[in-house]
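Chain naming follows the written order as A, B, C, D, E and F, and within any one chain the residues start at number 1.
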Amino acid sequence: MITPISVKKLVDLAFQEDLLFGDPSSEGSIPLSTWGTAIIRAKSDLVLSGQEAAQEVFSRFDDITDIKWFKIDGDTCSKGEHVVQLSGLLRDLLMAERTALNFLMRLSGIATHAKAVMDCIRTYPNMRITDTRKTMPGWRYLEKKAVRDGGAFNHRFNLSDGIMLKENHIMAAGGIAKAVERVRAHTHHLQKIEVETTNLDEVSQALEAKADVIMLDNMSNQMTSEAITLIRGHSHGPHVTIEASGNMTLARLPEVAALGVDVVSMGALTHSSIAADLSMRVTAVGDQIFSQPKV
Amino acid sequence: MITPISVKKLVDLAFQEDLLFGDPSSEGSIPLSTWGTAIIRAKSDLVLSGQEAAQEVFSRFDDITDIKWFKIDGDTCSKGEHVVQLSGLLRDLLMAERTALNFLMRLSGIATHAKAVMDCIRTYPNMRITDTRKTMPGWRYLEKKAVRDGGAFNHRFNLSDGIMLKENHIMAAGGIAKAVERVRAHTHHLQKIEVETTNLDEVSQALEAKADVIMLDNMSNQMTSEAITLIRGHSHGPHVTIEASGNMTLARLPEVAALGVDVVSMGALTHSSIAADLSMRVTAVGDQIFSQPKV
Amino acid sequence: MITPISVKKLVDLAFQEDLLFGDPSSEGSIPLSTWGTAIIRAKSDLVLSGQEAAQEVFSRFDDITDIKWFKIDGDTCSKGEHVVQLSGLLRDLLMAERTALNFLMRLSGIATHAKAVMDCIRTYPNMRITDTRKTMPGWRYLEKKAVRDGGAFNHRFNLSDGIMLKENHIMAAGGIAKAVERVRAHTHHLQKIEVETTNLDEVSQALEAKADVIMLDNMSNQMTSEAITLIRGHSHGPHVTIEASGNMTLARLPEVAALGVDVVSMGALTHSSIAADLSMRVTAVGDQIFSQPKV
Amino acid sequence: MITPISVKKLVDLAFQEDLLFGDPSSEGSIPLSTWGTAIIRAKSDLVLSGQEAAQEVFSRFDDITDIKWFKIDGDTCSKGEHVVQLSGLLRDLLMAERTALNFLMRLSGIATHAKAVMDCIRTYPNMRITDTRKTMPGWRYLEKKAVRDGGAFNHRFNLSDGIMLKENHIMAAGGIAKAVERVRAHTHHLQKIEVETTNLDEVSQALEAKADVIMLDNMSNQMTSEAITLIRGHSHGPHVTIEASGNMTLARLPEVAALGVDVVSMGALTHSSIAADLSMRVTAVGDQIFSQPKV
Amino acid sequence: MITPISVKKLVDLAFQEDLLFGDPSSEGSIPLSTWGTAIIRAKSDLVLSGQEAAQEVFSRFDDITDIKWFKIDGDTCSKGEHVVQLSGLLRDLLMAERTALNFLMRLSGIATHAKAVMDCIRTYPNMRITDTRKTMPGWRYLEKKAVRDGGAFNHRFNLSDGIMLKENHIMAAGGIAKAVERVRAHTHHLQKIEVETTNLDEVSQALEAKADVIMLDNMSNQMTSEAITLIRGHSHGPHVTIEASGNMTLARLPEVAALGVDVVSMGALTHSSIAADLSMRVTAVGDQIFSQPKV
Amino acid sequence: MITPISVKKLVDLAFQEDLLFGDPSSEGSIPLSTWGTAIIRAKSDLVLSGQEAAQEVFSRFDDITDIKWFKIDGDTCSKGEHVVQLSGLLRDLLMAERTALNFLMRLSGIATHAKAVMDCIRTYPNMRITDTRKTMPGWRYLEKKAVRDGGAFNHRFNLSDGIMLKENHIMAAGGIAKAVERVRAHTHHLQKIEVETTNLDEVSQALEAKADVIMLDNMSNQMTSEAITLIRGHSHGPHVTIEASGNMTLARLPEVAALGVDVVSMGALTHSSIAADLSMRVTAVGDQIFSQPKV
């Protein structure tokens, strides 16, 4: 696959911050030609994500390195299972260990989190739980993919691949009807328009404006239920996707699903995930014969 | 202050991923010349961090923007307190809102976490709690600073500003004595050498090798205590910094401090912090008169 | 406004290729402190575009430069009208002249082209003419904006802000129904799905699959008309946007509009526009007093 | 060959703008392991250019891709002829299709244009037609090469590889003699000096100043003829290259050649070329067996 | 002036390598708001060069910094003379001190060296001494300018702004005549062609081929003299620039000048210059009142 | 080995400055398919350094190039000895020749210089001679490695991997004791603290403050000797590294070593080294058969 440029740049940044002047601990203690084999494995149950970034890290190794993946993104790994095996110059392996693990731990943490929230609503297969744009600057692509690897869904990728009209846009445009009309005239014809609402009156206005998606922002279950009834009873209603957001807990997710919401968006999926636990262990060390001097 | 290049590059990446084709929601609904004032404030109690990155984000605005900070990095903010006020083109404010908040939320989350762990050991002012190199690739500088903003301490910044000899180095070099000797001959004279140990025998070897720092890795309180006794009773002992790592919980931190450990390093400080809650609200919108056409 | 990073990078590339070793013609003949005023003006009737890129070019000048725009993007300029006036170090003006003009000439050429095609269908205000992804690598943002500046419309910005299922996707997925179903399950809920069709049978399948947009690819007016009848008579039909593409000439555009097509996409808007003619003339040259040595 | 860094950067920009969040149309509908073969071919008669950029695009594919070129830059391709065949992961081929074609279409368009103008003066083998610096920012290297691929010639590459003294330089220096003298003292000894003239008096001054190249700017055929007589009759004349520029049409080119002009420079060669037509078609799709999990 | 992108990139690299994690010595000991004034001055007699790079370094400071230059590039500075004064945040000054000095010391070293070699041939005002392409990778622009600042001259800037045919080109082309003919047909009409020769026979061939510049490579004074006689006696001779290179010492330069050589090129000008001595001293330290919190 | 990103960026800069528009001398005279073999060899006795940078240069060649190193960094090369042999497209070899040599010549020059100073103190194996931060901006990693390749030692790599308190820090903090105390509380526990002293009183204060390293700045041999006596007689003395700096000549080095100094730091090691002499010679040229068109 074609590795996204943003991933290459993040790996460049990572190597610059960690390896700017090499690794004197390894250079001082390990001969250049020492060969090693290492295995990265799960130290807790997890859903794997981050393979593309880790592979980009490994691509910077000496060409003679051999890389064997046992799992791919989206696979469930039980504690102790092997994820990938690397054979190459021992120094290379140790210099890249932390960077590769830092990618895998954060991204697998998100994927594992995503799986946990989807597991809550297993009995409501028609509801999606999505991420938001609350991702780490520089990591948008990787974190959005981790969410999918865990079985949850994405919301829009960035400001230009979906229209979201919030309070400020609506105020500046002079109301929901005006805002939707103006933006529809401006934006391209493959983009849906979502309107954020906080009460039933705004929901009605969004319906009249033929919004494609209506977001129910921070509403109680009671108001959410009334909003859904209002939407589904309207002539435009069947074409509307209903999204709920705000104050979502694992406990509340099935309740909201039962009300008939189509999509719940949760910033915590990315901004408050706990790292998954993975580590690298060197399993063999030996001497490598070089037929000619190596750099 | 001179903003680190890595922060500039991260802001570039962030704008590229979020703003690649602008913000059609705002461009479609808000006139170019509409002026706005917005305030970012804390939505939970937190320790602020990320001001430098946010300021770099704001530096990309139109020059006429006015920025007023009410807090600086390291300040405690109570829920509801104002952090910074921005006055400028409303479109600029909305286009940068998410990126600025994504920096502030993650970094203040780390600073708040750091303060929490330091609060656990308030009565042991001689023990440091430090981060590790388990930081998000690309974010090392910012996350290390967030740890300091929260009152905790840094471990080494990267592979070249401190020597850490682990099992693999020791094996490859043929023992602790050999590894320390070789590395000391190789590395520069302002670097301290830390040796990772897992049992008392290794602690003894590290003492004999005159390691500057001895890490007690994943030891029980009992073994930690014996190691400390061993070290402090040795002639080189007074010059040794004792670091403990592994299985640290908030509850265990004061116990370890009581044993006489100098430093505890915790990867979770950075890899498993929860985002602090901050949001931006537009407080005023109006028209701005331009004396000549604006780009 | 926040200048997109891609525009900054393009200006960097432009300066590197043109100014790598400065401008010896100017450095050799013009004293460093010579002051100049220059005006860029239209040499043919045109619609202006490229102001943002030109402004980024000018932002690299010495700070003392004064820049006054008489027109903004989207304005019509008659032959001879002034676009922007620059006062600063004469060397600066001459070093940046070509780069600024190269941006303005190409982008205004596209905007002028876009206006010309929209003028063809003035009497059909409900039909859009859009660009495609056939833009110059590196120039996607700027060329898409130029199309809007000329009054035409954008198609999707890139591969991830709109779904377009072509022959190859359909074949690989095993038919239109399968392809739409799979992609709908995969992609986010703000994205519309477009299906490319080449005959009425495929149009029917796309209707059954509830495609949001149906593209009639390279169809005759006759077949286009039949496809529209088929679509508008179907229960899902009112929700479909109908796009036509292929073999579009200025003469044919009103015919297609009369048939009831919603959108016509034309690659030529960007890949085969002729540069608009603009030039820069120095209108005053004089000496500038510096109170202290200048770099 | 060593691919210029500017080409690598342009490909980076192109992938960032088109592939920032991958290709959900392909990812949703085509299995990761599906193999494909595709052929890029000419859809109109053209002169090929852009192979180096296309090859750089293909170099980002998975290593297993097989690339076979049937034509090289400068080759004439008749409508329907195959240019290059690609075998690899179908997703890779589809993700890169548009970027590769966008390079080939623009650059082959320029090469085809260059061939057309050279064909006009086939019977005057001693006259060169050259491009100018009116190239797309970021594309200077590629467009200059396309001009050569089409059989036409380059003018100077940038501001530092040839001296060109225009009206402003001459005014600032106090006349042609002064300007040439100063610049000759300043610049390196492998650079020729060209002087732009608009009347016979300036031509005389340029001759006296021993300019290496004299440009006759926007002169009529009559004045061009007189200028040539003046130059060739002067003692320095035999060492002067005579360049004409301005208002050149295909019809006028042979007239100017007949007058004895050495070089005609035409901005339109690059700024107003029409894209050549090329397209990619997938010719085979199948499953590829992987012995181990692939990223 | 427009700072070249390559200089900006070099400053970025410099700050990354020196300031990746800030300056803990200053951050630990100096309060953020401490104000300072510092002066950079010459510690040996020198010719100044590097102002543009130093200014780019200073441009990264906090905006409140005040910068006053007492000298400009090309000025002679006696030991002890002040070059530039900086007033700003003391931390900023100390963080940038080394980087600014490293630029100024190397570049002023080259300029001082250049002046020394030109002083050797003061009585031969018609001979130029030039640099070569033996410059530090990344520093070509800056080192070429330093040579000019010292009063010496540049040879070609890079591979594309001057043709130089060496032994390998000549062999591959099948002789000097063939090589010159082919290259003249290939390259643009503002480029001169230089031929490297090692004996009188090759000089004759170069003359016949009408080379613009003939390089006498590693010839004795005797052979140099014969070559000059041969060239000047040939009908094409008056149009030839004669360059000598190889084994040039300060003592030999006037001898070669006396023979009538036009240009001597010396790699040592850039690859073996000794750094000029400059240092920065803080002259005042005080507290700065900030009306609001500073980043 | 993992090539540092800074080296890749420097090679990018080098190719951009030298090869921006290719190599018309070679392109004009040498057919694309001409094959060549070339050897880089020492033209003076030297210690090799720069292999990593040269290898990065060669990595940009066409894949078919064959590279064979006869020496590695740190090896001594006598005049005439072969360093590396390259077989590939002749144009590739000639285009990269100068860039590769520019790296090898400067870095081998530093390594050779480093060996010379270490040879001066062969009989004092306990004294180190180190570099400083006076390296060429952008070249810190490479120059520091060259110093080690020559057998000398490194001082700190940058501002954040070692604490150095100079006059300004001490003044701002209010004395040596205060400065050391504050910095020790601020910085991480693997960093040593060095204090710069200029007289015996300051040495005493540094001792009391328990500085890890005491620098004797610009002291005479007499004062150096007294300072050493003072330090070694103090209870903290045995733990102190004593560094001397300033006015070091080859003649003085053994004197200082005899006094018992541990470390001498010399800026001249990097800022005033003379380039080592290496050159490339093409040893074979021939035609290469390509089974299909090549880019």
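To be clear about the criterion, a residue touches a chain if its C-beta (ideal position, glycine included) is under 8 Å from a C-beta of that chain, and two chains touch if they have at least 3 such contacts.
All figures in this text were calculated on a predicted structure; none of them were measured in a lab.
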item	value
Labels of chains that are neighbours to chain B and to chain C	A, D, E, F
Given chain A and chain F, the chains that contact each of them	B, C, D, E
Shared interface numbering between chain D and chain A [over half = same, under half = different]	different
Repeat of interface B-C, chosen from B-D, A-B or A-F - more than half of residue-number contact pairs shared	A-F
Centre-to-centre distance between chain F and chain E (centres being mean Cα positions), rounded to whole Å	22
Separation of mean Cα positions, chain F and chain B [Å, integer]	31
Chain centre separation in whole Å, for chain F relative to chain D (CA means)	42
Cα-centroid distance, chain A relative to chain E, in whole angstrom	50
Residue numbers of chain C (touch at least two other chains)	6, 16-17, 19-22, 95, 140-141, 157-158, 160-161, 163-164, 187, 191
Contacting residues of chain C [partner chain F, same complex]	16-17, 20
Touching residues on chain A, where the partner in the complex is chain D	1-6, 51-52, 55, 68-73, 140-141, 144-145, 157-158, 161
Residue numbers on chain A that touch chain F, as the complex places them	12, 15-16, 19-22, 32, 60-62, 89, 91-92, 95-96, 292-295
Residue ranges of chain A touching chain B (in the complex, touch as defined)	6, 9-11, 13-14, 16-31, 34, 36, 53, 90, 94-95, 98-99, 101-103, 105-106, 109, 133-141, 157-160, 163-173, 178-179, 182-187, 191, 267-268, 271-272, 274-275, 282, 285
Chain D contact footprint on chain E (complex, rising order)	128, 130, 153-157, 160-164, 187-192, 194, 212-213, 239, 241, 243, 262-263
